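Chain IDs A, B, C and D follow the sequence of writing; residue 1 opens each chain.
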Amino acid sequence: MSNFDPNTDMPRGARPEEQITTDPSKPSERMQFRLMLFNLAPWIIASLVLLLLPAVFTNNSTITLMNQMMITIVFALAYNMLLGQGGMLSFGHAVYAGVGGFACMHIMNTSDFFSSIPLVILPFFGGLFGMGLAMIVGSFSTRSAGTVFAMISLGVGELIAASSVIIVAFFGGEGGVSGNRTDALPFFGNEFLQQINVYYLIAVWTIISAALMFLWSRTPVGRMANAVRDNPERAEFLGYSARWVRFYSFVASGFFAGVSGGLFAINYEILTEENLNTASSGVILLVTFLGGVGFFFGPIIGAVVFTLVQTVLSLQTELWAFYAGSLFLATVMFFPGGLAGLIMMHVPAFKLGKSKLLIIPYLKTLVPAAIGILAVCALVEMTFHYRHAATGDHEMTLFWTTFDSHTVLPWLVAAAIAAVGLGIARATAPSLKEAWNEANTRGAAS
Amino acid sequence: MDLILVNLIDGLVTGLLLFMLSAGLTLIFSMMGVLNFAHASFYMLGAYFAYSISLALGFWMGLLVAPLIVGLAGAAVERYGLRRVHQYGHVPELIFTFGLALLIEELVQFVWGKNQMAYSVPDVLNFTAFAISGNSIPAYKIFMIFISVGIFIGLLYVLTKTRVGMIIQAALSYPRTVEALGHNVPLIFMGVFGVGTALAGVAGVIAGPVLGTFPGMAFVLGSIVFVTIVIGGLGSLWGALFASLLIGWMTTFAKAYNIEMSNILNGLGIATPENLDESLFRDFWSLTSPQIADILPYILMVLILIFRPAGLFGKRSS
Amino acid sequence: MSVPALELTGLKKSFGKAEIIRGIDLSIGKAERHAIIGPNGAGKSTLFNLITARFAPTAGTVKLHGEDLAGLEPYQINRKGLSRSFQITNIFPAMTVFENVRCALLWAQGYKYSFWNLVNRSSALTEGADEILDQINLLGRRNLPAGTLSYAEQRALEIGITIAGGANVIMLDEPTAGMSNTETDYIMDLIMRVTEGKTLIMVEHDMGVVFGLADRISVLVYGEILATGKPEDVRADRKVQEAYLGAALEAEH
Amino acid sequence: MKNITKLGAVSALSLIIGAGSAFADTIKIGFIDPLSGPFASTGTNGLHQFEFAADYMVNDKGGVLDGDTFEIVSFDNKTSPKESLIQLQVAIDQGIRYIVQGNGSAVALALTEAVDKHNRRNPDSRVLFLNYAAVDPALTNEQCNFWHFRFDANADMKMDAMSDVIAKDESIKKVYVIGQDYSFGKAVADAAVSMLGEKRPDIEIVGNELHPIGKVKDFTPYSRKIVASGADAVITGNWGADMLGLGKSIIENGFTGPIYTYYGAGSGMTGAFGETGKGAIRLVSEGIVNPPPTEEASAYYQAFQAKYPDGNIDQTRISNTVGMLAEAIKAAGTADDVVAVATALKGMEYQTIWGSKVMMRAEDHQAIQNINILNHTDEGVTFPFDGSTFGVVSEQTVEMASADAPTTCEMQRP
């Protein structure tokens, strides 16, 4: 799945590990420590940011939104264990998160047991149930990757989603299953009454899960998952059964998907058919791919961006799904590495110390392009308003400007801005390309 | 007995309709390796275009023109979208079609709004063709059967008796060889994609009046088309036909006869639990076949994939 | 007498009506370097794939250290100490050169499907992989994606992956295919070095390449072994000469 | 890098969410219903009716209290319980104290739970949940709470009225019950069987079955069974595409009797049924628009149509909801203290512009009102639906239906 190759043109020399491994003497040990710190840096920063975010955004809705983001992050990372690292395309992964979540809801409703455990460990049970289901399904679905795996996942996903409205005893029908998280054993006096308490619970779980999933990719079976993804036949002749490697990845992914379901249960205190259905499975595929499957942190970006689009953009426009679809399609067509791939494209230029070369050309091209695209969106919104707004309601507000959508002027203005913006972007694109090539070529920096 | 005959006819209609979609999809899939998730969206476009055309020019012009527009749209999607994504591999291609399906649904809502369209059967065909012991068979159904059978025969003729068909058939099994033989494979791809989507368009045009024309119509049909070609075996037109009819009849009969799970279980010698209302499996015991009719194809697909990954008629498993 | 490293008895393989391998009996001793040569289409690769269980034989047995391999999966055979390379370069192109080799070491070092060890924490793995890289002269390419290596380097890496697991029976499928003369010499020298003390079975279509290397040579023509013996004897064999010349003449037509 | 992205995005976000909560002279009503996705048309139509009702009934008449006006703030929940809960939180943060929702009992159940928990955990920012269309009886029975008010009749009350009408029709001897396979479909089926059994023991239930929800492409096999069963009438709780598909299929395959529905009109369905459904489709509903019951109602509908030519007033209860909320705020003298408003709302008797009365029962916060059986036709239609010539005309009325129906609600007052 690694369509993007950031290292193709990597400069020689900048390879600190080489010395460490070949010559484990003292100076390199110091270096190893520094390297470890370097490796830990993103995690420490992420933890600090998660710790401090609620201090910046104090209102509940932002916290709710961030909770949703983190839940999606865990789920998307779990999904990427399959798609990105194991090369398995699943169309029914929501069921593992969903079943984990439903199990947590039932635990919440088992008052004797639930009141004897602290709420913080509940997601672990979600993980166990997700894992259990993954073991059952994985036992027959992981025999091959590719279309067979994808279609089995689709079929199983449809079956479980369909049974969610039939098997009322477990899935609660269309009303779902709801419970009360505050019934748990207080955790150091905390009953998790407020969203902010839940925020920290989810944040800790997110960091732990992300770290564990990252470490998983560094274990023997995690490495072999990549090997099997790239070349299952060769992996078999290295002593590994491709099927079992896939199975372990699948089960691990099911575990973390179940954890995300458990977090969902804690945050929303309700699970419904929606947590299982194919639409949710499709969304997680979009999220992961949008973020970029080739990099560990890709799904994180995807989860953040998608949640914002889904929740915040939908407050602004009815057409949010249209924009989301367009964004997604554009990503697949032009940046198959996803948003993470887009970011990582710049690493070589950074390493060469030439990233500064890109700033001016970027401003020259991307700013007009962005303005042009916004103008196109304005045209779309105006068309929509013109066609679907109430009769007599000619007034609309776009980008802080209120105007009459039934007069010619706004249309001309928007069309002109679109034409000029995109025109400039098009005219300056060659020089951007030139700058790009220059910034990625080794040699004297100008 | 009479009801069996009626159900056979109904199942045939459902199956043939499914076949029009799966035929195009299996052509596209076996040739290009693309699981086209947007296939049912082209079916929806067919219905909507036909509706709009029928308002101005009548149903028959819709039947004639709408599939052509859909085919052109499909070819354009291949030329300007898929071909670009093709270089990145199959997964991005698949995801591209996935996103396309979402976008088409949004576009349809943008243009036509979110309501059901009043697209209905033309007056010429709006009568009862014949009745079997009180069950009327609408003439439109007969018309649907004729159209789909006609298309199948036409497709079979093109594929087996013409040079283009030979090339396509060869490309189904040996895409690389055909390319090596100097045929313009990108052009063939575009053509096959266009024809495949046009077939889906025809299905939309004739199904729209009976099954409803609304933004969710693609979603309802969506994955079942894949299930059909997977069951039939990828790359096999006969497999697609067989699986379509199988699914058509299977779901029709499951809906038509209330077979109860408790009867089956009792028949197997398992006694009904005494306090069924408290049993964890109460919902399982009270299952009836109409409840699960539409998920039967999924069960069948999973079983087939486990025991015969290449599908019933397929030779390749991926 | 000790058990042979690899023993083939009455091995046959048909695809439909075409009989590709028509009954092969061959015994290869421990630490022997054995080359199987033959013209194109003789069934060399098929034979290879039969031994490594990529195909199931129509008849006959394959024994590794006296143990029948029938019904085993490729990974199980590998665990019994048989490792193979492929005719078409078969590496993990998206992973770095170092990781390619490290993956090959995992099973041999007993990590199995472990998810409680971190691979970069194990100095045995890192050192082991670097040692192999050193042997195949790819230390300088350590952190590049394997897919970006030159063809000869990729072939060398393939050999590195094949031997890394510490298997005592190494099978190489045309390791010099498509190489220039200097590259061929380089690879043969490499093979010589890295298979020291191991059983080597190698398929080649050009006898000249294996002459200095092999202890014994088998000539495979139309699915049958024409001759087996020391390189000099095989070269002098009339049947072999006829088969090779005949094939060469046919190829000209 | 990811952290920077996140930071930027969230700061933009807090700008958007935090904006515009400063106006004290508007009373904001949060409308949480689908504006995108498969049920968007129903949601959008409902939103238009709310916006119109707020303007027509409150704002154009000088508002409530000291000229405070109603503002409908829409939130797209995509018919998803999860999204609804997020949007509820956003709404509360914007200072909204009144939530209206109607589409989907799953969403309503999730919302009522969440509102209850929120109000208990955050006494400073309590909200009321005004449910205008979710009909699951549980909402005013075992799941009831002080903050939830239902302005529609619940599923059992509708069935009560429907079965009354069927019971009076001597020509109906056999009834076929069919519905979607989920809690509502099952509830309708159970209610139909028990109520018909009580009122007309001689009626035979010749079929009672469920089909997968939203998955059936072709209803023909079901129609065959219905026709073959010799049923005189069909009862269904289907909605959306399942309703249209089932209805058209039943009629096209030769069924000639009445089809009693919960949701067989509006949202494009009346237009799509057209001539086919004439004389067959019956709708059980609290509202009458044809024949126009009052002058006031006609004026109201005409004004609405002038604004939304393609729109329908297929939910007259929406204007009741807005009107009753305005009355309750006037009575409480405040819009900020939702407990006072809720107290004013419970037990309220309200004269609607549709010429009938609504009483908000105090025990369970369930509105008691007339329930009508409407007929799909193009004759005598003053206000057609969906821009077609067809509409629904009142056939029979059950006065103050189920006023004495028992409830299991044990209301906990704050």
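Some observations on this one:
We take it that a contact is a pair of C-beta atoms (placed from the backbone, for glycine too) under 8 Å apart; a residue touches a chain by one contact, two chains touch by 3 or more.
Computed from a prediction, not measured in an experiment: that's the story for all the values here.
Graph distance from subunit B to subunit C, where chains that touch are one step apart, equals 2.
In this assembly, the chain whose C-alpha centre lies farthest from subunit B is C.
Summarising the inter-chain contacts, the pair of chains with the most C-beta pairs in contact is A-D.
Inter-chain centre distance (subunit C to subunit D, centres taken as mean C-alpha positions): 74 Å.
The distance from the centre of subunit A to the centre of subunit C, each centre being the mean of the chain's C-alpha atoms, comes to 43 Å.
Between subunit A and subunit D the centroid-to-centroid distance comes to 36 Å (mean Cα coordinates, whole Å). Each chain gets a centre from the mean of its Cα atoms; for subunit A and subunit B, those two points are 32 Å apart.
In subunit B, the residues that reach two or more other chains under the touch definition are 113, 291-292, 294-295. Within subunit A, contacts with two or more other chains are made by residues 162, 166, 168, 321. Shared interface positions of subunit D, i.e. residues touching 2 or more other chains, are given as 36, 44, 181, 212, 215.
In summary, the structure contains touching chain pairs A-B, A-C, A-D, B-D.
Across the interface of their complex, subunit B is touched by residues 36, 38, 40-41, 44, 181, 209-212, 214-218, 220-222, 224-225, 227-228, 241, 244-245, 248-249, 252-254, 267-269, 271-272, 274, 276, 386, 388 of subunit D. Contact residues of subunit B toward subunit D in the complex are 3, 6-7, 10, 13-14, 109, 113-118, 120, 128, 131, 134-136, 138, 210-212, 214-217, 219-221, 224, 251-253, 255-256, 258, 288, 290-295. Here subunit B touches subunit A in the complex through residues 35, 81, 84-85, 88-89, 91-92, 94-96, 98-100, 102-103, 106-107, 110, 113, 223, 226-227, 230, 234, 280-284, 287, 291-292, 294-295, 298-299, 301-302, 305-306, 309, 317-318, going by the rule given at the top. Those residues of subunit A that touch subunit B in the shared complex are 1, 3, 83, 89, 91, 140, 143-144, 146-148, 150-152, 154-156, 158-159, 162, 166-170, 278, 282, 285-286, 289, 319, 321-322, 324-326, 328-329, 332-333, 336, 384, 388. Contact residues on subunit C toward subunit A in their complex (touch as defined above): 52, 73-75, 78-79, 83-84, 86, 90-96, 99, 102-104, 106-108, 111-120, 123, 126-127, 130, 142-145, 147-148, 161-162, 165.
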